[in-house]
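Given below, in the form of structure tokens, are the structures.
Next come two complexes built around chain A: one with chain B, the other with chain C.
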Partner chain A sequence: MMTTSSDVLVVGGGMAGAVAALAAATRGRSVTLLRKAPGATALASGAIDLAPMGEQRHVTSVAVASATAGWLEAVASRSPSHPYCAVGPRGLALIGDAADMILGRLADAGLPHAPFDAKGRGHLVVDLTGKVRRVASAQASQKLEETEPGKRRIGVVRFRRHLSLDTGLTLAGLRAVFANVVPVEVDWPDEADGAFLLPVEIGRRLDDPRGRSALFKLLRTAVAGKRLTHLVLPPIAGLEHVSEVMRAVSDVTGTKAVETLGGEASLPGHRLDRALSRALEAAGVRLETNAHGASDGKLKRFPGAIVLASGRFIGGGLERRDRLRETIFDLPVDDGARPIKDEPLDVLTSRRGLGAHRVFRAGIRIDENLRPLDVGGKPFREGLFAAGSVIGGHDPQADFSGMGVAILTGYLAGLRAAEWKRS
Partner chain B sequence: MKQLIRRFRALALLGIQALILQPIKRLRNLKVSGEARFLEAYTPDRLLPLTVEERRRRDRFNACINCGLCDVSCDLLASVRRSRLPSLSSVAVGYGRSMTEYPFARLSLEELSSCDDCLRCEAACPRGVPLKEMIDDLLAHATRLDKAGFGMKRLSAGSGGALELPEKRPLAAAGMEKSE
Partner chain C sequence: MFDLIVIGGGVNGSGIARDAAMRGLSVVLLEREDFGVGASGNSSWMVHGGVRYLFSDPTVTRDSCRDSGYIQKIASHLIFRIPFLMPTVGGRPGGHLMDRGYLYGVESFLGVYDRYQPLKHGKQSVRLSAKEAYDIEPGLRRDIVGAATLDEYGIDAFRLCVLNGLAACEKGADIRTWTEVERLLRDGSGRVRGVLARDRLTGDVEEIEGKVTVNAAGAWSPRLAGRNGLSVKMRPGKGIHVVLDRKISNYGIISQAVDGRDVFIIPLETSSVIGTTDDDFYGDPGQIEVTNDEVSYLLEAIEHLLPEIRKARVIRTYAGVRPTLYEYGRNESDLSRDHAIVDHAAEGAPGMLSMVGGKLAAYRMMSEEAVDLVEDALGRPRSKCRTALEPLPGGAPPLPDPALLSEKYETPPWETERLVHRQGSRAEDVLVLTKDEPALRAPVCQCEGVLGAELVWCMRNEHVRRLSDLMRRCRLGHGPCGGTRCARTAATIFARERGLDAEAAMAELVDFLEGLWRFRRPALDGHQLAQEELARGIWLSSAGLDEPARGGCR
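Entry: the complex of A and B
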């Protein structure tokens, strides 16, 4: 493995690993990032959630501003096992720096985001089911522009011929929140098998100016006479050139165009994944992709600092075969309160779908300096730091804090790894 | 008294069956291999015997979580008939778990005949599903089923390329034929 020449080795190429690598590289360290394959970050919706911030009916009320103030601290105090808590108040205070750093790098890599807003009202986004909620940031194409409620008239684009991009749900959901919501139906994509195209394929098509023309022609006709202020698209607006696509859609239709958050086979997730790779390359991070089998002995003998950002069940950082284990160092796993070993899955899950599933909070434990802990609660190994969802004690989805944890712990772990010297 | 005789007769019959008839049947069956008997009994249900190694491989096919990341990596997908093969991940999800679906898999996989083994799909898979191996394996099994006469057969010309499965014989009937 040629990695031995680097100061810092990051294991995992999702949001947490990328932030850690960038933070360490910023401090002048040489960094290598091992990456198996795209992980959970490539499936992300595009929203940068830090914690739950108001949704649905509340979005138009003035009370949101005061209700969301201090929510970050509230999450930390409500669940003491949460990584926001584990890193301590001084660590948590750096979340703004961390987010500004990564969102800046993503913008440089061609994926602009709405400015990070953790303390204010955040930004409005719409998901595929038409649910409107506030997030700390999201891809710029996903930010719903706020206008006076009375003047808002929203069109929802529906591809009549497409099988999976039927935005009927989006329409129904938006109607529960806003008064003037109308469908904008277009017969597209119009080729024989167009109904089966994946979101990413449609995105690639729209990246090409010639590819856009057919859709734009249809859109222009479809919105005519509807006097729309906003146009909501499914999450398909370009894989690489999202800004151009959104600008063009807005120009053609005379509206403020917005994409919904990504769903299954998320195009915004792919965009993010690609932009992170570009940002890493631009920062001079050495990328070793397709690094399956990173758990072998060579990794354990690496002399420099290691950041473990290997994710959970999708990334491969955790695995459950007979027992639940952390795959690289075999670190002890718990749910933030109790150790998890070989309990059967029905003990680790709740019967209620939206209940508290212990297995979804599973991960390793860390101390304030992001060092993974062994069974006795002592740092497992010198120079080893952890970031992202491999850290337990939080449910990335249910807590609405997955991206926030990845960004914060990635940043802190990257800084600690950069500072670390073998004693 | 009558009841006692009846009970004795029943026990005697059971004894004869257990001690004489059953061992004779066993001996006769020894001539036919276990595999042949398995095939006879289960191919009508489109099930084939698997070696231990083949079963182990299936565990890896089953690791698919339908994330769709392989689809994004595949250039070939743009040129296939999508009504037959909507996506690569649909192969793993639709067929990787159920052998009885293999004859249908053949139809989808024919669309991948010009695959040049770039293996980018496997590199993109977060779960390490060996897609190429899976596709080869599914095709091999579909062929085996074809040979056994229980695969998918095309209807003759004029049907517009519609496909049909041969009628499934009831398992019991298949067993009866054997012993006659």
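Entry: the complex of A and C
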């Protein structure tokens, strides 16, 4: 393998791998990043969650919502198996540095985010069903600007000619939180096959000033006389030029425009994935895509430091064929509390699909220095570090700590890998 | 006062309701959930002749074949041919004499079955050499000595029930789904004069009076009868199926399980289906679950002939309880698939009949027999049954050409084809909806090829009361993505059609997703875990479905 000349090899190109590669590159190391294909990060909603902020996950009334100070530490102290706890208090304290680093790089790569806020009130975002929650950060286009409740008047854009961008549920959900929410209906996309456009195609269309002019004309008419303060759009505001698109929408409509979080075929996730690639290239990280043979012996013989950021089932870091296993080093897998091996899936899952499942807390175990542990609890191998959702003990989808864990552990693993020297 | 109350919206209940309504009776059909949710929709979807019963129950074979032929006539759009291969495995190249002997045996057995094939327009069986078998089914294990073919037919069994219900409705029957019978109403003499029914969605309770009541509740029949001091003897048998992503084989293949039972894999709609198990089941049929062991049993059986099957992705399972005729001591698989109609007059409860047993393929004939008895009980002369002559809704030939429809309405070709398969001659009525709302030309479910227009049509015309009913109208969510791509959009359309608020819409979405999870969970493995991880990400963090109990934001 080509990679022997690098100091650090990162396996996995999602958020965790990218942060690790950038952190190591910042320390002057030569870094190669292997990725098979876009993984879970490319499917993400765009929100940067660290943990549920405050007592309730969703904001039921903006007036009374408040974030609880110290909630991040609370997560760490409540769940000893959580990566926030495993990295120790000194590791956890670096989350701000980690987030500032990656959000800065993403902004440089054309994808600005709301300023990272892990201590205060965070930022409000709107999800696909109109639920509102606080997050530490999100793509700038997704931040709902807070205004005085009495003056707020929210329009929800509905593209009448496109089914999957239908915001009916967003509208209904927002009405349960806010007083003045009205639909803004436009007959768009206006060409014959507009109904069949994919979110990414619509995003490209809006990137192009000529492509968006028809929509803007319709929007201007549709908002006229509605005295809106905010305008909620489905998550389609451009693939490459999101800031420009959002600014233009705000100007045309005289509102603060905001996108909902991404869902199935998430355009914000796609954007994030592209921006990460640009950031990696800008930092001089060598990217090897379509790198499918990551589990072969050459990787195991790599002389430098390795960051394992191969993800869970989507990324391919874990797989189950009768037995749950970590795919590259066959590291032991547990759910944070107990080892998992060949238990049947009815033991690893529960009756309620949207509830908690052991199999979705599964992953490898790490020490304070991000080193994967073997069955005896000792570091598995010199120079091996882990980051992101391949680490067990948390449920990135359900406990809202997915991106937070990726950023924190990616950063720490990148630093450790950069410092590591063969003894 | 109705002439007839039918309890159960399976193929028997809906078939009886249609037949009775066509004969001019006033009918109400009560179904505790939705059409076909029990044994009918969760069957192997085959309207086959029952070659298994050729020697034990030749009447079943003959009747099934004949009725299978009729179903082809009245629901030509819903039917599809499934040619089967019955490979014979040999121990050495060229095949051992015994193996060849077995193949000849199979062949002559099928030769007897061939006599019934004209009844269902099936092709005669053919003997294939090993090479011929590999040419058409390359995935077979490498040491077969040959194969015999067997021609059968399949049908969308959910829609078969729905269409019978719709036909009954068109003839004036009152169709009430999600309506449960709480108890029977009896008069002083013990005669059943009606039922007390509760609408499970609104909670409304109503006394419904009928001159005759037919209990066609399938596996629920014994419980219903028992609650009212009556008896229906049954030997309920649980059968499960495993559904794989895409068509793994070109033909149906019959293999043997470890215990020697026949297990098949069939290409069905967009997937492959492996079935089935047969085990006594005396629990609540509504609480039936699939176990990991049952899934392994079926996969192992198919692996015997298709060694690569383990690489395929299992996307879900399904299960039903067969209302098999009671018999003591025999093995489940050996039980008769014949049927019986019980008159409860013998127990002092005149005015009530119960249907037991039977096969999907013979439902029409059984319904005819039942309605004859209903007319006897009503004291009116038996009128002519026309259910084999008049097409079911959408079944009237000629069927529209999907290519022409696709061009005319500018809808994608494959989805339009699927629409014609499900809606038959009504496909154009569905597509007309796109004239007012062009967005409905787009597919909502890409796995099963469901256009927005088809969803809206079903919601408006096919007794859809819950979002989950759409699984049974047009396979929404039954494909490999398990609702990940379609459920939110479908819920949005449903909420608008029904004027639901956020809380009610979310409740429907959660019910839909949890219903799918229940039968995906036992087979969760391999690549399906990645699909599940993706789905969780979307439902929990992008769609806020983690607080369904509190109804979201309120």
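One rule holds in what follows: the second predicted complex is superposed on the first by the 408 of 423 C-alpha atoms of A that agree within 3 Å, B and C clash if a C-alpha of one lies under 4 Å from a C-alpha of the other, contacts with A are read in each partner's own complex, and residues count from 1 in each chain.
In this section, a contact is a pair of C-beta atoms (placed from the backbone, for glycine too) under 8 Å apart; a residue touches a chain by one contact, two chains touch by 3 or more.
Just so it is clear, the structure is predicted and the values come from calculations on it, not from any experiment.
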Side-by-side fit of chain B and chain C on chain A, or clash: clash
Which superposed partner A:Glu201 touches (first chain B, second chain C, both, neither): first
Touched partner set for A:Thr289, first chain B, second chain C, both or neither: first
Touched partner set for A:Ser81, first chain B, second chain C, both or neither: neither
Contacts of A:Gly173 with chain B and chain C, given as first, second, both or neither: second
Contact breadth on chain A, by residue count: chain C or chain B: C
First (chain B), second (chain C), both or neither touched by A:Leu43: both
Chain B versus chain C as contact partner of A:Ser401, first or second or both or neither: neither
Chain B versus chain C as contact partner of A:His270, first or second or both or neither: first
First, second, both or neither for A:Thr129, with chain B first and chain C second: second
Chain B versus chain C as contact partner of A:Gln139, first or second or both or neither: neither
Where chain C runs into chain B (options 6-14, 330-338, 402-410 or 546-554): 402-410
Those residues of chain A which chain B touches in one complex and chain C touches in the other: 40, 43, 193, 195-196, 264-265, 314, 316
Chain C - residues contacting chain A, complex: 291-292, 310, 410, 412, 437-442, 444, 452, 484-485, 488-489, 491-493, 495-496, 500-503, 505-506, 509-510, 513-514, 516-518, 520-526, 529-530, 532-534, 536-548, 552-554
Residues of chain B touching chain A in the complex: 65, 67-69, 71-72, 77-78, 81-83, 86-87, 123-128
Chain A residues touching chain C - in the complex, by the definition given at the top: 40, 43-45, 47, 49, 57-60, 127-133, 160-164, 166, 168-169, 172-173, 175-177, 192-193, 195-196, 261-266, 312-314, 316, 318-322, 344-346, 349, 351-354, 359-360, 396-398, 400, 402
Residues of chain A defined as touching chain B within the complex: 36-40, 42-43, 193, 195-198, 200-201, 264-265, 270, 289-290, 292, 314-316
